[in-house]
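Worksheet for the structure shown next.
To keep things simple, chains are lettered A, B, C, D, E and F as they appear, and every chain counts its residues starting from 1.
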């Protein structure tokens, strides 16, 4: 059920029996020469809408812009400053509680949002308003991701390329996949961007000249479909699990 | 040109010659028993995307949730508190200046956003970062609106109904148009919701039991198309006018 | 009853039976070559004090400076940034509730304050602290204003000139009325300062070279007295109406 | 010269040769059974206006409400929370710099404002915007105050009573002077309200049942006139001294 | 009992019977050529830890940096902006209430922190969370300070020198005591740094070339020990007094 | 060189040739039944002070309390709310730049601080004030940590136990090591505290009954010494590397 398509009397019916919502979040930021800047919010929205369709839970409209200052050196990257992003997501989520929503899954596809969503979730939970958790699609299917790709790539790599090949194939510049690989950083390890244990980089451009990592030629729409199906299933399971919890059990434990 | 669909090298080409962007904003809030809650952001997005297609200017993704606490008594209305909304729009817009954007048109379809966007526009202009202005679609074609409808209706009325009949007809509950009219407030004047000159109402529900105003049965898809075409033309004209100004001429005047 | 003139035991008597206060607000900003910069707060204070005298309700001291950045190009205009103004008015008003005040009328004479006072009023009401509403004197007597002046003028025009001629005639530079008219903008319509529906001006100086609008030579002290009497009557009526409401009836409606 | 009474062209003449302004600040708070709640802002305004008249320097309208939560237990005390007060005074003052004001004297008559004005003054000076200093009337004439009164009293005592007897005699409840003395705290020393060196009181009511200190029957209008004249002279001298300084000499010293 | 040295089960025992904590605060700022920059936090920590040892009350770790912008012209002075300092101390203190702490003594050795701690204490008390008070060591023993030194010196003077000679003698540059005296300001009175009653200085360097005041050669470790013993005794007495109060008696009085 | 022990003329000498500072940060929070609550700040301070001694770089006093709300259910855990913590660290660090510091290493021993320090570092770098990076001791020596312990444990485990056994052996409750192990969570994997990819826990107590993880009986002071020596060496190397960089090379890259 997609909130923006429903009228208020129809939503009233939903709230009679349910109190869970998916909130999709991504980013609008450079994803190399081969992928659209909307990559992350496209993925988040597609997964959240699909999971909502399959499960019947409510999905809100997408928050399209996230915390992406580390990609700003590349044309068109949009971002919101971190404190503002947190307050925005908190306000938007907290106000959902007015209608009875008491558990939210942030369907996220941008690594840069993770810690901020955790912080917002803590605020909502510590004030006993609501239980909101962050879910990052690829963290729900780590084995599959590892299995499908030699070098899965954290940003603009084969994993995200495959997802867009599946979700919105017309937006993948297939003729730029080799450029993406050759102009970026293909291999890296724990030491990349570190000195004596400290992360010394702040921006993507510090590590990769064209903004992306990994071997994009390893991506196919079929792999994308596998990822999409597997992640959607995880998300539906998570929603079912969450809907089945007692609200009290989701709230903070007592002091020892 | 839709920012989220482009890759960063492609956007680099745009910024070589242009510095204008459309930013669509709406709301996700009750629009009566006959319209979807996404009505306002659907209209804003449709107009901004169409104007971008026709003119070649850049359009960013949509900000789907706005300042709508006055509709909160109806199921599903989403909103962000006003100070947070302003800071969010400001941060998102200001960061566009990093890529050379120096003029922005907020393509708006929610009355509750107007003053907040004016305030944000002032902040950006007074700091000489950028010239950003608010454009509300129906204010660009007041004669046509008056001509098409007996009672045009400020919220969920025939004007918005017609627009959705044109943009997304599958989302209009045609069988609820009479209910919408009969359960809401059809006629009103300057005195509605006022006492001795003071606006004494704060919420939509203070004036209308089902959240909408006007006579929705007066709407047709054809009227919606007329509105859409006329407003799009105004928006394209505005963008052309704005792109043609000198930046200095857009900045604040000197002290006398 | 003027709060600043009373001692605390005397105020204790008032709070035994009453819970309403007038809070006058204006601005200190340019009003052309013929009017003093205090015009707006002088009007607000005069009306609030007179209504308090006639009705017996409490009037607080005046907030003399408002949200006037749009007049800053003219010497001496004072202003407070909008977010700070809102927080200031909110804090000042909220603290009145400590003494039992639960309904406030902002007696306002500056258009630039209106939306900010609405926002503050919403905060106070949504937190169920208090019911505070904005009242702008000329909006309470629109017919009379239209009747008295050919071109009534939104800022520094004949309407405000007449009020000061009545309230503080020694502060009107009678020999500058023609200059005021000839150096400003006499006639305007909906299109003034707009392009294709968008308000493209941010500052008064964008529209008027000397800061004022309308035909000031149309003003007389007699007209000012008529305005003053009519507006005072409206304000007293509003206070009586408000005092007669049940507090619960002033608070937000329940969710449907 | 009183800013609110002037028109903008007249103020333009002032700014051609001068850059100093007085900003009067007080409070609206209980001052015992014998004095009006406006006592502090009445004193500040009277001194600032008189000094402006005698010296020709500019005086702005008064900020009538200050930081007075410690008097809130008494009916009618108004206050603004300290962080909001600081931001308000800062914004109001900083914006004066737009017209060329680069030195401000806060003419203050409320002890509770002192530290906040110091903090605001530091912000303005450290940002090299302006040099603003706090001046508390009685601190400018300590010997005279000591000479005139046996027990001069920090709040609502004979010192403030005498000032109001001089400035606004109709507002002094002469028949309550003995009550004021007998119901309050007449004598105190360094240990009052302290335990082992710590100030353990937060509110006026912790020390005095009727809100005031000292022997009010020791006040006369003649003493008030002496105080008023002496303090005004000090204030004019301070303004002349300040106007004569080089701006650079008022800004922070260099790092050693 | 020092919180940082205890394990959580041990602290659980404390909270079973006690609800008081010492929170030491100082500064890290220039103290002339003879004293270490940590002078103030060393003193605060030594006193708080000693009082905790003798009395059995809990002492938290020290907040080492305070509000010291007025010493910034001298190398190494650290400071936190005042609004941030207040929010930090408030958050740190308020969170102690989660474990049952309901009364706190800020053991302070930096004059620049005093008013900020008072403001924080008011916030905590007015929200009825906790009763927190500021205690400045030298204000608890004014007679002894006056008795021991001819010119006791408010900053880096003999009083503080003697304390460090006692607490951490290895950190006193004994060979620089005469330099300290000769390069600073030895004598001053009420008029120092004032013009016509207004404090016209903002920074230490405005009054003293090497940052300190008074005659440092008058200090000895023996005097320091006397001060330390006397102040510790006062602090223990204060804690005993505070622990013996009813919580309700520490909260704000009712409205009259 | 320890800033708090130096006098300002001595620090002047340091700033003549150096512009780097270590800022130690930890937390004060429960570390099980066997370790003191100060564990994290003790480790950070010991490493920073040792590295400063060996290398000659400057070390500031320690920030003893961090972002630890997730340990609040255990007695005595102190914390500062995350937004306040960030602003505090930012203000403290930014003000160091007044003396010429342009690169800072946050010597950190609390995982909960990491992302906040990254955010602060970004603010300082994006404003081109300074280059500040976070260094977490155990991340600098991952192989050694893995080599020394079967189950190294992220909180209160053998790794931290060994460090305190080395740094402050008197603070380790050796007789509680088995309790620590048996009452906590000894083994865990990626799935611990997760559901379908989402982290569903917010507090330590959600995973471990006594607040700690790992096998504490595996710790020895000798292992602690190895860790301490290895980490100190890494930290000195990092400081040398950082001091050798050009400032420009540390600032953000240009837009592509």
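As a working rule, a residue touches a chain if its C-beta (ideal position, glycine included) is under 8 Å from a C-beta of that chain, and two chains touch if they have at least 3 such contacts.
Fair warning: this is a prediction, and the values are worked out from it, not measured in the lab.
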Least hop count linking subunit B to subunit E through chains in contact: 2
Chains touching both subunit D and subunit F, listed by label: B, E
Which listed pair, D-F, A-B or A-E, duplicates the contacts of C-D in over half of its pairs: A-B
Rounded Å distance between subunit C and subunit F, as computed from the means of their C-alpha atoms: 56
Interchain centroid distance [CA atoms averaged], subunit B/subunit F, Å: 48
Subunit A and subunit F, separation of their C-alpha mean positions in angstrom: 29
Where subunit A touches two or more other chains, by residue: 8, 12, 69, 72, 74-75, 98-99, 255-256
Pairs of chains, among all present, that meet the touch criterion: A-B, A-C, A-E, A-F, B-C, B-D, B-F, C-D, C-E, D-E, D-F, E-F
Touching residues (chain side subunit B, partner subunit C) in the complex: 69-70, 72-75, 82-83, 86, 105, 115, 118-119, 121-122, 125-126, 133-137, 139-142, 190, 195-200, 202-203, 205-206, 234-235, 237-238, 241-242, 252-256
Residues of subunit A that touch subunit B when the two form their complex: 3-9, 11-12, 14-15, 28, 30-38, 41-42, 60-65, 69, 72, 74-81, 84-85, 87-88, 91-92, 95-96, 98-99, 171, 173, 176, 211
Subunit F residues touching subunit B - in the complex, by the definition given at the top: 255-256
Subunit B-facing residues of subunit D, complex: 8, 12, 98-99
